[in-house]
Amino acid sequence: MRIGFIGLGRMGVGMAGRLVDAGHTLAVYNRTAQRGEKLRERGAVLAETPEAAARGAEVVFTMLADDPAVEHVVFAADGILAAMDNNAVHVSASTISVSLARRLMAAHARAGQRYVSAPVFGRPDAAAAGRLFVVAGGPDDVVAYLQPLFEAIGQRTYRMSADPSNANLVKLSGNFMLFAAIEALAEAFALVRKAGVDVAAFKDLLTSSLFNAPVYHTYGDLLVSANDQNAGFTVPLALKDVRLAIAAAESLRVPMPVASLVHDAFVSAMARGYENRDQAVLGRVAAENAGIKV
Amino acid sequence: MRIGFIGLGRMGVGMAGRLVDAGHTLAVYNRTAQRGEKLRERGAVLAETPEAAARGAEVVFTMLADDPAVEHVVFAADGILAAMDNNAVHVSASTISVSLARRLMAAHARAGQRYVSAPVFGRPDAAAAGRLFVVAGGPDDVVAYLQPLFEAIGQRTYRMSADPSNANLVKLSGNFMLFAAIEALAEAFALVRKAGVDVAAFKDLLTSSLFNAPVYHTYGDLLVSANDQNAGFTVPLALKDVRLAIAAAESLRVPMPVASLVHDAFVSAMARGYENRDQAVLGRVAAENAGIKV
Amino acid sequence: MRIGFIGLGRMGVGMAGRLVDAGHTLAVYNRTAQRGEKLRERGAVLAETPEAAARGAEVVFTMLADDPAVEHVVFAADGILAAMDNNAVHVSASTISVSLARRLMAAHARAGQRYVSAPVFGRPDAAAAGRLFVVAGGPDDVVAYLQPLFEAIGQRTYRMSADPSNANLVKLSGNFMLFAAIEALAEAFALVRKAGVDVAAFKDLLTSSLFNAPVYHTYGDLLVSANDQNAGFTVPLALKDVRLAIAAAESLRVPMPVASLVHDAFVSAMARGYENRDQAVLGRVAAENAGIKV
Amino acid sequence: MRIGFIGLGRMGVGMAGRLVDAGHTLAVYNRTAQRGEKLRERGAVLAETPEAAARGAEVVFTMLADDPAVEHVVFAADGILAAMDNNAVHVSASTISVSLARRLMAAHARAGQRYVSAPVFGRPDAAAAGRLFVVAGGPDDVVAYLQPLFEAIGQRTYRMSADPSNANLVKLSGNFMLFAAIEALAEAFALVRKAGVDVAAFKDLLTSSLFNAPVYHTYGDLLVSANDQNAGFTVPLALKDVRLAIAAAESLRVPMPVASLVHDAFVSAMARGYENRDQAVLGRVAAENAGIKV
């Protein structure tokens, strides 16, 4: 297919590479153009504006940091909304708000275009390897049409809802589950650490029994070593996601006390100067609150 | 070995059975004696008092519901403290407070006896199958001496600390992790359910990726089906454990906001009349708070 | 002075009336025009658009429900920004977000106009009686220029900051204090009520000693009588204000756990169908969570 | 009357002095006897044991720090329970747990004695001036009998319940209200302070309007000046009281999320090394969590 791909951050560059390798024709755009150089070598064309990437494409992916970035790329004068063909599909893979997903759906419908939300779970290495988990929300026929593309970037596609914005809600809910697990580890580690228990042994106990899941292995190790400096997912991004989860929950009238608590912990992390740390910094915040130097 | 075993609830009866089957000589005691009948058929002797079970034993296990039950069995006039031989070992497998574990350690030391905390993770079926996880706290030589017994009841023994009470702290911390995971599921399920997302599909997404652990499979299923009527672990027991975790944390000066939040959710469950439900009732409480009828 | 006054809700109509009575020339606008009829009888002119109210005015007041209402009145094609004279002053008395206050300040400055935030504390009866408390934020000379108007509507003016948006922050912080006091009363009342203590006597104890302040008298009485049906300040407005306080706090990197907790309580009130109740509904939510029928 | 008075801390010494001055015959006991010297000069007799203070008294007051202190003074071999005359009254003025009050009531009833809970609100200076607020719980006739004594120590007596333990619950609930107000101030001050608003002006705004109550004047000033070094009420005492409030609430099945939150804040204060500070340290904890150096 002819694909426009906008947003070549650590996730986007991997996803775009998989689509190129699968034989599709890509026009890629990134605010800083040099991020696309390697993709150009693999056969992609570099577009100078989002508009140029979208012009003539059957499918346009966006993979950007947040709501304002997506809004700009879609609605600006040189944005994709004005440039996309009739019936072309915008696939929004970014972790954005439920309300923006609704606005995008409506705007593309008014323009005679189609819209699907397809946020992903996984990290940059999974993106580069085509091992993401794709959460697809949109009409059945459109998702079916996109399925080969999802197979290029992911190991599995989850159909959640005909309403695209529900895919965004599921993504935010999944990230909330992640933050909640890290916060629980953070508090439990502070407790056993202060009693003099070896936290590596405690982590081993958890992950060899009830809690034998990637989330506890990964963040258990990061908390054991207090390693939050190599940020896979920084505090401001995590704070944004929990804020969006709380906003979506408020709209649906769902109180989420653990989400509120994690929100405040991330805010305190920012206040303490940990803006550039990984979300595993929750372990450090809990330790400091317990008077532990880590 | 000659073993006294006190407490034949759903967990204790399985553990005692495994010890009998492993060839040990058991004198068992339970407040309601008929619970020991099947063990008698397998070769155990029924004792009429804790004292009688402890008399002459090399090792005395206690597996009881809470602190007051253990205190009574140990310190009462017909309790085990007065009956145990010099150098005999009390193995406390119950989920008790850190402070009671300390009192037990001190009292047995004063009496010339030995004390080990060995709380276990796992449910009644795992106990019957010898598949528990044993968390052993105590002096190395005593734990080594007990290792054959731990192997009879468990699939793995975790050495946590030479301080027995740290094993109790680890058990309480593990239960806290469990409650925190259920509460996170409860909030996320309320959110996606209210948006009209199929919660079974959401549970499947979680458990096939980052959250592929027994805790999420088990409680995910219970929350999908709102099945909290067949209580594997009732609300009062869960409330007791989170209270003990908070008390231990207070002593160590560790704030645990998620534990406090879960505590309040269990208290509200009690207030709503869900005293006999499983701890999975957290899903029902979160749903009700969101105006969902489940 | 020649004053435009936009927004004739229960607060605005009282404030505008005080300004008319003080001898000023008012052009008033409200979305539903009949709200201005009584003011017309007292000498005000009815304007058909915000633009018409602002045209030729030295000072334009806005007293509206929320951010979107203010944004529309200011920035719409028939809004006040385009209509106000050079050097005219926009006095924003609504409880709006800190970020919108910043946008208003910047937009008016670009247009050669002046901007002051002057949110108020007090209820409709205090507005009608000129007994409000005015929190004024803006340059000293502009606030001094407006002082006669503030004296017409309020019993006291508090100078908070030369930065107008800080007046909005103070207003949101004051409302947060109010919500926190109601929530504390709600929890304490649930506790003593369930023990069989007479809550009216408990309220009397509080308000005759340490807690002898209007907030505890007013909300104490409302909670004693479980009277949340005559809404002086409805749940959606309260929820909006606590959300704006949390948003401002997040920007400033200040965790506010009590605000988060109150936010979730108001969300649950909405979920339970109490959308049209007074903010005193926090008492009902706390009681229900404790299994009390009120 | 012949009165035994046990516990001559900063509160007790003032209360006992008022009783002496009112013409009663006092035998006073304190663990460190020199605390009673001044009372001796005013006419009191120094007792060497609690038993000696209670022997022959019509009324025995206890005013001690916590549950263990009261338990010891009552139940020890040289305690008051064994020494009190038939029909004599134990007036427990300490802030103790609801459950201990129940035990005391039952024990004195079995011994043919009477029991009243009469915890007090107010500080040492109010105690010395007879300006306390007395919360009396017990049978009407006994409270009426004690009324002259309550008038000697307090400015007002509140009758709460015929059940003595409800007076203790009310005292704990009042202290909870106090902690909640301080925590709300702490969060609001952190917010406005970080925005550059003058917190003294903010405090003035609050206390001249809705929040014009002693609690906000006193703790507002302490938080403005970050003065938590002259401890009127230390963190461990505050932590104890909020713990007892939560325990009483759990027994009654009342969730108290603000109490839980304050509990965790006090625990964190202890962890940060603020054990000897005043409860106003909540302001410091909130400020630190927001990255503010105070």
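For reference, chains read A, B, C and D in written order, and residue numbers begin at 1 within each chain.
We take it that contacts are C-beta pairs under 8 Å (C-beta built on N, C-alpha and C of every residue); 3 or more make two chains touch, one makes a residue touch a chain.
Predicted model, so just to flag it, every value in this text is computed and none were measured.
J.: Name whichever of A-C and A-B has more C-beta pairs touching across its two chains.
T.: A-B
J.: So, comparing C-alpha centroids, which chain is the farthest one from subunit C?
T.: B
J.: Distance from the CA centroid of subunit A to that of subunit B, rounded to the nearest Å?
T.: Once rounded, the distance between the two centres reads 38 Å.
J.: Can you check how far apart subunit A and subunit C are, centre to centre, with Cα atoms defining each centre and the answer in Å?
T.: About 38 Å separates the centre of subunit A from that of subunit C.
J.: At least two other chains touched by the same residue of subunit C: list those residues.
T.: Expected reply: 249, 253-257, 261, 268, 270-271, 289-291.
J.: Any idea which subunit D residues touch subunit B in the complex?
T.: Checking each residue of subunit D against subunit B gives 239, 243, 249-250, 253-257, 260-261, 263-265, 267-268, 270-271.
J.: Which residues, counting only subunit A, touch subunit D once they are in their complex?
T.: It is residues 257, 268, 270-273, 289-292 of subunit A that touch subunit D.
J.: In the complex of these two chains, what residues of subunit B are touching subunit A?
T.: So the residues of subunit B touching subunit A come out as 121, 133, 135, 156, 158-161, 163, 166, 169-170, 173-174, 176-178, 180-181, 183-185, 187-188, 190-192, 194-198, 201-202, 204-206, 208-216, 245, 248-249, 252-259, 261, 289-291.
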